[in-house]
Structure formats: structure tokens, C-alpha cells
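In the two assemblies presented below, chain A is common to both, partnered first by chain B and then by chain C.
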Partner chain A sequence: MAIPLSYNVRNLAVRKTTTVMTALGIALTVAVLLAAFSLVEGLRTTFEGSGHPLNVLLTRKGSDSELSSNFPRSVFNDLKFKQGIAKNANGEPLASLEMVTVIMLSSEEFPEGANVNVRGVTPTGIEIREDCRLTSGRWFTPGRREVTVGSSVAKRYPTAHLGGKLKFGRGEWDVVGVYDSVQAARNSEMMVDLNQAAGDFERSEVLSSALIRATDEVARQALINDLEFDTRLNVKARTEKEYYALQTSSGDLVKYLGTFVAVIMAVGSCFAAMNTMYAAVARRSKEIGTLRVLGFSKVSIMLSFLIESLLLSILGGLLGILLVMPLNGITTGIGNFVTFSEVAFKLRVSPEIMMRGMIFALFMGAFGGLLPAFSAARKQILTALRQI
Partner chain B sequence: MSDVVIKTRNLTKEYIRDEFHVVALKDAEIEVHRGDFVALMGPSGSGKSTLLHLVAAMDRPTSGEIEVLGSKLNGLNDGAIARWRNRHVGFVFQSFNLIPVLTALENVELPLKLTHLKKGERMQHAATALKLVGLGDRLGHFPRQLSGGQEQRVAIARAIVTDPDILLCDEPTGNLDAKSAQEVLSLLAKLNKEHGKTVVLVTHDPHAAHYASKVRYIDKGELLPDGTKPEGWN
Partner chain C sequence: MKFLSLIVKNCLRNRRRSFLTIASLAISLCLLGVMAALYYALFISNVPPKAQARRIVTRHKVSIVFQMPLYYREKIRQVPGVEEVMVWQWYGGVYKDSRDQRNFFARLGVEADKLFKVYQDYVLPEDQKQAFINDPAGCVVNKVLADRHGFKVGDKILIKGDIFPFDLDVTVRGIYTSTDFDDETLWFNFKYFENALRNSSRLAAGTFTMLAKSEADVPHICREVDAMFANSPTPTKTESEYTFGLSFLSFLGNIKVILMVICGAVTFTVLLIAANTMAMSVRERVKEVGVLKTLGFEKRTILWLILGESAVISMVGGLLGVLIAQGLCILIRQGPMIVQQTKTLSIGPPVFAALVGLSALIGVAAAVVPAWNASRSNIIDALRFTD
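Coming up: the complex of A and B.
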């Protein structure tokens, strides 16, 4: 049977200062890692929750994003009556030709300005995005320089408030409404009339993309296959969900950087834990000798010190989670490498992320505690008993 | 004649310290019978503790044989020796060696963690052992809250809690005042007489040796013949 756990817990409590300092080192490392993970998790939730399952996004072949895609109006006219495209109550196909560009807006966070997506759509484009509901004001009127902004844009950019004016294209645009969608990525955009925007940006014939609604899942796949293989059209077809999921990669750099920094810090934390545990082994040499005389095996001694190191790391892990918890739910923005515009999202410290942080802390405890635990177990009884 | 519980033959322990070859014990032969109270006496560095450590299998001899309770210790591996020691030997140290973060009761319970007893039974046994040494009212005290004599009595309770056959005591009164030392020695004598424990006591205190039924002397690593004292020893 093992040496009682209370022996380890009380020893940690006895040397409070060392325990807390080492645990704090581990906590900071865990916090850095979790901060990076919470950002990626927030982005993932934002993008993976976006897009209608029956919507198919069309861009020009070879373009990964709407922004870099040139989508001719003529191609749209050729495909909008394809079989499998759903129709609205008036019997018109749910197919929306769209133009996407970016403008710069300044915010408190980025006074020098950040890129925001402007999406030119027809009324069908709004109809196809039934998840976008007005929270205030109204939708833009076709033929006017009016803009309806997503809720994240309204929150983050003071100039984009209802009743405000935005200057882009060839003049000033009135902010006439704010919409909100459960599909969070949409809230980082603003919508304007397609033809007004196309005129302002001189893109009357060559726009960006088309969004079409399939009648059902089978039709969706058939449509994708049909459009992809139609060489005349030269379009790339994929589900809207797939398109948004690809954008999660925007957080990759932060994720890798955060992990890299955390790993470097983890090496330091491992040494701190190792140092603490070596000191504990040295100070308790006589106790180790006594436990061996009482009949405890070398393995029991090793496990006991390893467990103590793990307890230390659990404390560090919990502190790290506590440190990072205030980040949960904070809204921030990140440059989206696909759309070259800012996407707003909430940092998420999910239970899964906390678990990952705890496992990371336990690894630090195990690596830091292993060598001291070995050295404790290898002590000769008499040598251990003679050390002061 | 009573059973032989400890028997050594040509027991020798040598080691190298700072490049010097030291013979700590040379060809020691001793027999201890069940129920004996043997005092091993001699000046500091004479080898008496070395002999005790070898008998407790805390150290390995350079040569010679040790047989304790019928087990030849030379042939046992570390794990087997640990189990054997837990079952058959109680050890009392000069400086008590209690675990400071555990209470008296928890300290005494420690060796029982290696048995199959359940928690409640272990606690009951530990409390009984503490009552036997007169510390039934100090169960929840930590070592720092006890006097030296009380600490040593807790250590004795810890040594006897597994009901071992042999009690090996290394200068158990060395760190105690005269009154506490007398209490501890009386306790060991009681355990020997009333509970039949075989006691081997290492000491250089002649007063302590008075409690023993047999005294053997060691000088310069040699166990002197029965009834012989080192030169100049009173």
C-alpha cells in the first residue's frame, strides 16, 4: 500500500511559500497556453457555427476567398436557373449575386483603423440569410447609399452606430439598421445594395461570388458536382459551412505562437518543480530512510514524491485556469487571413480547454518530479538516515 | 533451550571512507534467543550500530551470514527485505525519526499501511499501541507538540504496532533526559517481560544496560566473547 496522501498534502502546506511560488510558475505557463487555446476555440465556434447547411457558395475557380474572386454577372445569369436551386414564395430562385470588398473603420481598439467586410447584396441575398434579423432600424433601400451593419460591427466601431454616416466608395453612406445573426461570422460584416456598391466601386459586371440555396442535401451535392464540372462556368462550388470552417485557420498563428511560448515556459516551470522537489527530497532524507526502515519499498517512495509533484502541478493548473477564466466571453477581433478583414469573436475557456490545461500542468509536474522521485527511491537507507 | 531468533556467523562489514579502508565489524558471531533482552555496548565507533543495522537488514554485510527468525537475509532482495522487516522487526532510533507532518496516531499507523488491515482496524491498533506506551491522550498531537520522552514513546508504539518478534533499538535514550530515559527503558523492559518481545539495545550508557538480561561488548569492530569487557571499560 502507498504512503498516505496526507503526508504529501501536509508537506506541501508546511512549505507554503515554495509551494505557492512553484505553483504560480506552472499557473502562468498554463494561463499562456489556455489564453491561446481560448482564442482559437472562440474563432472555431464563430466560424463552425456559421453558414446554412443548404447554402452553396460559388467563387471563381482558383480563388479561396470571395475577396479575391472575380465572378462575372453573365456566369450568374447562366447558373441561377439550374435544377436543384430552391425558390422563394414568388417562384424566384434563391440565388444571390454578391460583391465583397473591405473598407477601413477606426475603433477604440484600433484607432488607426481595421478592415471590415462590405457585402453588396440584392433583396434575395437578405432573404437567403434568414438568420440575419434586424435588432434596430431597417434594411437598406436598393438604389440608395444606405448600409445595415452586423451587431459586432455596430459594437466595435463607434462610427457604425445607427444613424451614423460612413464614408467609402464615392460618398457617404447612412447607417440605417443593425442586424444580428446566430451565425456569428455574419455579424462582422455590413450589407449594402449590390448595384449601388458595384457602381461606387466600378465593378458592375465583375462581382465577387454567388450564394445559392439548394432544395435539399441531395440536390446540394448534385448542384456542387454540376457546377464544378461545368467548364464553361469556371466556378468553385462548396458549401457555405465549409467556406467558413476554412477561416478558422486565421487563429493558427496565435495558436502556434501561444503553444511555442507555453512550451518554452513549461521547460522553465519543469525546472522550478524539479528544484522544489529536489529540495524536498534533500530536506526529508531522514524521513525517506525511516519510511524504508518501516517497510515501504523504493517504488512506494518514488510514487509518493511523484504524487507530491503532481499535486503541486494540479494546484498550478487550477491557479492557471483561475487566471484565464476572466478572459471567457470577452469579445475581441482578429485579422482574417481569408477575407483580409477583421472578424469579431468571443474568447472561450471551455471545459475541454480547461482539461487540456490541467493535463499540460500534470505533464510539467510529472517531468519535474520524476528525477527527484528517482533520487529519493535510490537513496541507501543508512545514507538517507545520516543526512541532516 | 529457547529458539534462536538472531544468529550471525563471521559477519564482517568493511567500507572505504575518504580513500581509507575501514573495518566496521569483523567476524562477529552472536546468538540471540527468543525473549532475550540483549544490550550491545561499546565506545563510539566500535561497530555496535553497524551490527544492529546488519541484523535489521538496513545494510548488507561484506561477508558472513545473518539468519534472523530462520530467514537468511543475504539471499533476499530489496522488496523481500522491506516486507520481512515490516512483519518481523520494530526499529527504534536515537532521534525518534517521527514524521513531523503526521500526528502521533498517524505515525503509529504508518507501518500498518503495509498490512491488509482496513482503515478502522489500523486506527484501532495504532490507538492501542499508543495506550500501551502511556500516550492514549496524545493521539492527535503532532511530534512538535510532544516532549522528547513522549516522542520516543510514540516511536516505540510505531515499532511494536505490527506485533514484531524483535525490537531493535539504536541508542533510544541518547537524546533524552534522565527521567525520560528511565521511562523509555522501563517500557522496553515491560515489552520484553510482559509481551515476550526480543529486544536488542545498542547503548554506551551502563545504566541502560542494567535493564538487559545479557550484555555483549564490542570494541574496534570485534564482538568480544560473552562476559568480556573492553580494556579500561567500567
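Coming up: the complex of A and C.
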């Protein structure tokens, strides 16, 4: 027969200080792990939610980022009438030649300046990104030195507000609008007229990349194969989604560091939990003897102590989750080695992450409670009863 | 001091508890040690190795991904205090398979005849130096890197271009070691760039590395170079090579805050563990304290006995932790190079002192409340106490 759960709960409640201190130790360990996870999770949702499934991004073969890619205008002209590319209302192919570069803007967090992506596009480039909706102002006028900035850029960089002036390339640019997209990675960029930008950065013939829209999923795959195998073009074709997924690796260092720290802290917390449980076993020697006399088996005593340890760790896990909850939704930026610029994202404490934190806590409780539970079960009835 | 043996005896009476406490303190403190060592190396010590202290790097102000015109070299050379200027250019490229992280290492085109003047810490035989300088398609590689990939002098290395429209096909002419730290770099002759990009606007400098005549010249050279190009279409950012390396770190996020938060969380955890143990241990001994008081021990002595016990336990934990941390530092040094500081990471005397001091402090702080209560307990109550 099992010892009732209330026995464990009451025991934990009686030793308030010890319980709280041990649980807090576990809580902090869980919190460190979850903080790192929430950052990676935020990055992941930002990038995985970005990119249209039918969009195909073309870069130079061998190049993993738009920034290091060279895409000649002649190649673009060769491929824009390929079969499988969707057409807009006017019958023009939805293919956009683009130039990507980085500029430096100062923010409150980095007064020295952080890097931001500038994307030179034609009106087709805006059309193909129908998810980008203006929240204020207007799109840039082709042929003018005007920029429309993403909502994250507008928020994070004081100089990039509507009506402001930005200095890059060969002079000043007017900020005429702010756009926002559900595809969060786009909001960390700003868009300008392709030819103006290409002129400023002396790249009128060799640009960065092309974004094309396939008519449907079958056509998309055919298009990718067609372009990849055309050695004359020398381009790398991949879906826009894949390209963004690649950038999730920006959070790897934080993830590894966070996990490393949390695992080491967990070993320490395990020992602490073990200590607490051993003390509990020692102090309740008489009780254990009594329980045995009453007819509870060794197994049920072992289980009871193990459950008590798990309860302790659940308390710790809950506290840990509470500690990281305030992080949810905080916006921060991280350097992205693919775009060589800062990408803004929100930390996310998702239910899935909370589950992982809880499982982590339970492991600590199980490891910490196992040995003390064994020693409780092995106690001889008579010696246990006789102990003061 | 005469109570030291009593303190040690008290520590040993519940060996399992002391062991568990020490183990958990040691593990937490080893983490704190590594973090503190990192923090110290990155943000406090700020002492570049001797040969490096004179090196300065100029790059494009906006980002390292942009190039600067080659003629800047002649202008920079005019700046007083500059002994030598050398161009280097990041080639990037793909070696074998880019999906395997081990195949990633720095591949830099550099003016061969100047490399060994600017990098005086490089050690390699004179004939290898000359062979490298004379071969427009030659390269030198760091010994650690060469060992990892099995490069030998005379080997051909083929790297596929991504940033640049040509592939790299170079011969290993020398293998160098460094008296400072192993930078795991492949340097190839800049002539390769000149030949491959003839008449192209892309033939430019990624950075200029210069050697100052003395360390004192470094700050004013940085200022003067940047002032010279401040109003040009290609402004520059000039800083010591040491700071230049650190600037990559800020790209990874706010490392300073991350390290501080981790250290804070760990310290607090350690405090909790120690406090918990001492609370348990004192509680067990209420009766004993009553006996000691009956024998005539003063309040003060009892207070110190308990504080001392806690301090001894946490200092043993701290010392063990520092030892493990030193081991971890050695492991980190073997790992991939993120910044040069991780290649020379170690627990220095200041970090050591801070850690041991902190662990003693934690021990005392953890025991203050139980020790205070025990010393003030009433003899009769204490003797009558049953748990």
C-alpha cells in the first residue's frame, strides 16, 4: 500500500526554510536554462515565421548570404522569364533584383552604432513582399533618395523615425514611411530604391540577389532544379523559408552557453537536494520505523521519499518558471552572422519551453532523491525506532 | 586559533553532509570561476601579449564586410609613429564541406613580405619564410591548424570561393607557431588577389594592420588615421588589434550582461546551498550548544565556532571549485577560437583571490542567522530541546 501524498506535502510544509531554500536553488538553475531557451525560441519563431513559401531566393553559387553574394544584372535578365515564375496583374514576372548592404546606425543600447541591413528594391520587390504593410507614411518613390524602414528599425534606432534623415552611401536619405510585417525578420531591415542604392555603393551591374515567386509548389521545385542545374547562370536557389531557417544559428552560442551553465548548476542543485533529503531521512528515522511497524513495505517508503523529492523539485520548477516569465515579450537584438547586421526579436517563454524546464527540474529531484530514498527503505525497524 | 581542531571535528561529524555540501559548492563555484575568468580576461585585464600591443587595425567604419581602397596604405604610412603597414583581406570560401564546423578557419590574403615584420611573434624557419614571400600562390598555416587537417609543407590546399569570384589554389610554404597564442589562421600571398582580380574594382583592402614604433604611439595613431579619412566616402575605424578582436564579441549579444547575470545567479545559489546546510547542522546541535554553555563557553566563542565551521566548509568547496575551474579553462583553451582571450584563459591570481574570498564570505553570511540564534539561546531551553 502506498503512503498518502499528504504525508509528504505536510512534511515539506513543516520544514519551511529548508524546503524553500532547496527549491529556490532548483528554481535558479531552471531559470538560467529557460532564459537561454527563451532567447533561442524567440529567434526561431522570428526566422521560421519569415519568408513566403512560394518565394525562391537566388544568390551566387557557394554563397550562404545575400551580403557576400554577387549577382550580375545580366544573369537576372536571363532568368526572369523562366517558366514557373508567377506574374502580376500587368503580366510582368514577379521577380525582383535586389541589392543588400549594411549601414551603421546608433541606438540607445549601442551608441557607437550597430549594423542594419539596407535593401535596394524595385517596385516589384515591394509587390512580392505583400506581407509588408505600411503603418505610417508611404513607400519610397523610385528615383528619389527616400527610405521606408521596418518597424523594429524605427523602434530601436531614434534617428530612423518618420521624417528623419539618415546619412549613408553618398549623402542623406529621407525616412518617408514605416512598414510592418508578420514575417518578423523583415522588420529589421529598411528598403530603398534599387538604382539609387546601387549608384551610391558603386554596384550598378553587380547586385546581391534575386527573389522570385513561383506559381505553385510544384513549379517552385521545378524552378529550383532548373536554376540550380543551369551552370551558365551559376546561382544557388533555395526557398526563402530555408534561407531564414539558416539564420537561426545566430543563437547557437547563447544556447550552448546557457545549457552548459544550467547543466553544471543542475549537478550542484542535485547535491543540495540530496543533502536536504538525507537530512529529512535522518530526522524522521523514528517515523520510518513506525511506518514499517504499521505494515508499509520498504518499496512504499522508498517511493514516498522519492515522491517528496520530486514534489520539492516541482516547487522549484514552478518558481523557476515564475522567475523567467517577466522575460516573455522583451525585445532585444542579436548579431546575425548571415546578414552581418542586427536582428530584433522578442524573447519567448512558450508552454513548450516551460515543460522542458519542468522536466529538467524533475530530473534534478529524481537524482537528488534516489539515494536518500534507498537509505530510508533500508533502515532496520528496531534501530530506526530506537533512534532519538 | 585554539578552537580550530574543534571546528574541523565539527565539520567531520556528519561526513556525508559535509561531502555533499562541499561537492555542490565546488561545482557551483567552478562555474563561477570560469565565468569570472572570462569576464576578467575580456573586460578587466586588457593586457595584450607583448608583440600584439604594438599592432593596430584599420577597417571600414560601417562594417568589416566593406573594403577600403589600397592607396590608403601609402597615406597611413605617412602618419608619424607608424613603422609598417600591411594589407590583409578576408577571403572566406569553403574548404571541403562547410557544414562541418571544423573546416572553418580564417583564410586571409596578406602582403607576404610584411607579415613577419608586423607579426613578430610568429616563429618559423627562415627558408620557409623566404619560400612564402617568393611564391605568389603560397601560404603559411598555424601549427595547430596544420596538425588538425594534416597540412604539410608542400601540400596543395584548394578552397572554393564564395565572396570572391575565384577559387583559391595555394601551396603550403611554411608552418608557423606563435609565442603569443595560436590564431589558427591560413595566410596566403596577397599577390594571389592581385592576379585574380586584375582590373577589378574589387581589388581592395579588408583591413590595414600596422605596427606602431612603440606602445605609446598607439592611441594617437588611431586618432590620426581616422581623422584623415573622416570626410571621405570610405571612413575608417582604427583600434588596437586587441580591441578589434573584442569588437566581434559585441556582435554576439551583450556578453557583459549575460556573464554578470550568470555570476549573480550562481552566487545566489551557492549562498542558498551553504545557508541550508548550516541551518540543518546547527539545528541538530542545539543540545550540544547548551552543554557548551554550561561548561562556560561564552556567547562570542560559540558564535565564532559556528561561523568558522561554515567558512571552513565553503572555503574547501571554493578551493576545490577553483581547481575544477582551472581544469575547465584548460579544456576551453583546446576548443575553437572565438576570441583570442579564450585561447589563453586561466584563473589568474586576482580571480583566485576573489573566488576564495567570496567563498569564505558566503560561508560566514550563510551561518550568521543560525549562529546568532544558537549563541543567544537559553541554556535550559537548549538542554531541554528535542527535535
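Here are a few things to note about the model shown:
Note that in this section the second predicted complex is superposed on the first by the 388 of 388 C-alpha atoms of A that agree within 3 Å, B and C clash if a C-alpha of one lies under 4 Å from a C-alpha of the other, contacts with A are read in each partner's own complex, and residues count from 1 in each chain.
The rule is simple: a contact is a pair of C-beta atoms (placed from the backbone, for glycine too) under 8 Å apart; a residue touches a chain by one contact, two chains touch by 3 or more.
Just so we're clear, the structure is a prediction, and the values are computed from it rather than from any experiment.
Of the two partner chains, neither chain B nor chain C is touched by A:M277.
Of the two partner chains placed around the shared chain by superposition, neither chain B nor chain C is touched by A:A210. In the superposition on chain A, A:S68 makes contact with chain C only, not with chain B. Put chain B and chain C next to each other and count what each touches on chain A; the higher total goes to C. Residue contacts after overlaying the shared chain place A:L311 against neither chain B nor chain C.
By the document's definition of touching, of the two partners only chain B reaches A:T290; chain C does not. Applying the stated contact rule after C-alpha superposition, one finds that A:L79 touches neither chain B nor chain C.
Residue contacts after overlaying the shared chain place A:K298 against chain B, while chain C stays out of touching range.
With both structures placed on the common chain, the touch criterion links A:L24 to chain C but leaves chain B unconnected.
With both structures placed on the common chain, the touch criterion links A:M104 to chain C but leaves chain B unconnected. Across the interface of their complex, chain A is touched by residues 53, 56, 58-59, 78-79, 82-83, 85-87, 91, 93, 95, 97, 99-102, 106, 110-111, 113-114, 158 of chain B. Chain A contributes residues 17-18, 21-22, 24-25, 28-29, 31-32, 35, 60, 62-64, 67-70, 102-104, 109-110, 115, 168, 170, 202, 253-254, 257, 261, 264-265, 267-272, 274-276, 278-279, 283, 332, 334-335, 337, 340, 388 to its touches with chain C in the complex.
By the touch criterion stated above, chain A contacts chain B in their complex at residues 1-4, 6-7, 10-11, 13-14, 286-287, 289-298, 380-382, 385. Partner chain A is touched in their complex by these residues of chain C: 16-17, 20-21, 23-25, 27-28, 30-31, 35, 61-63, 65, 92-94, 98, 160-163, 165, 201, 233, 250-254, 258, 261-262, 265-266, 268-270, 272-273, 275-277, 279-280, 338, 386-387.
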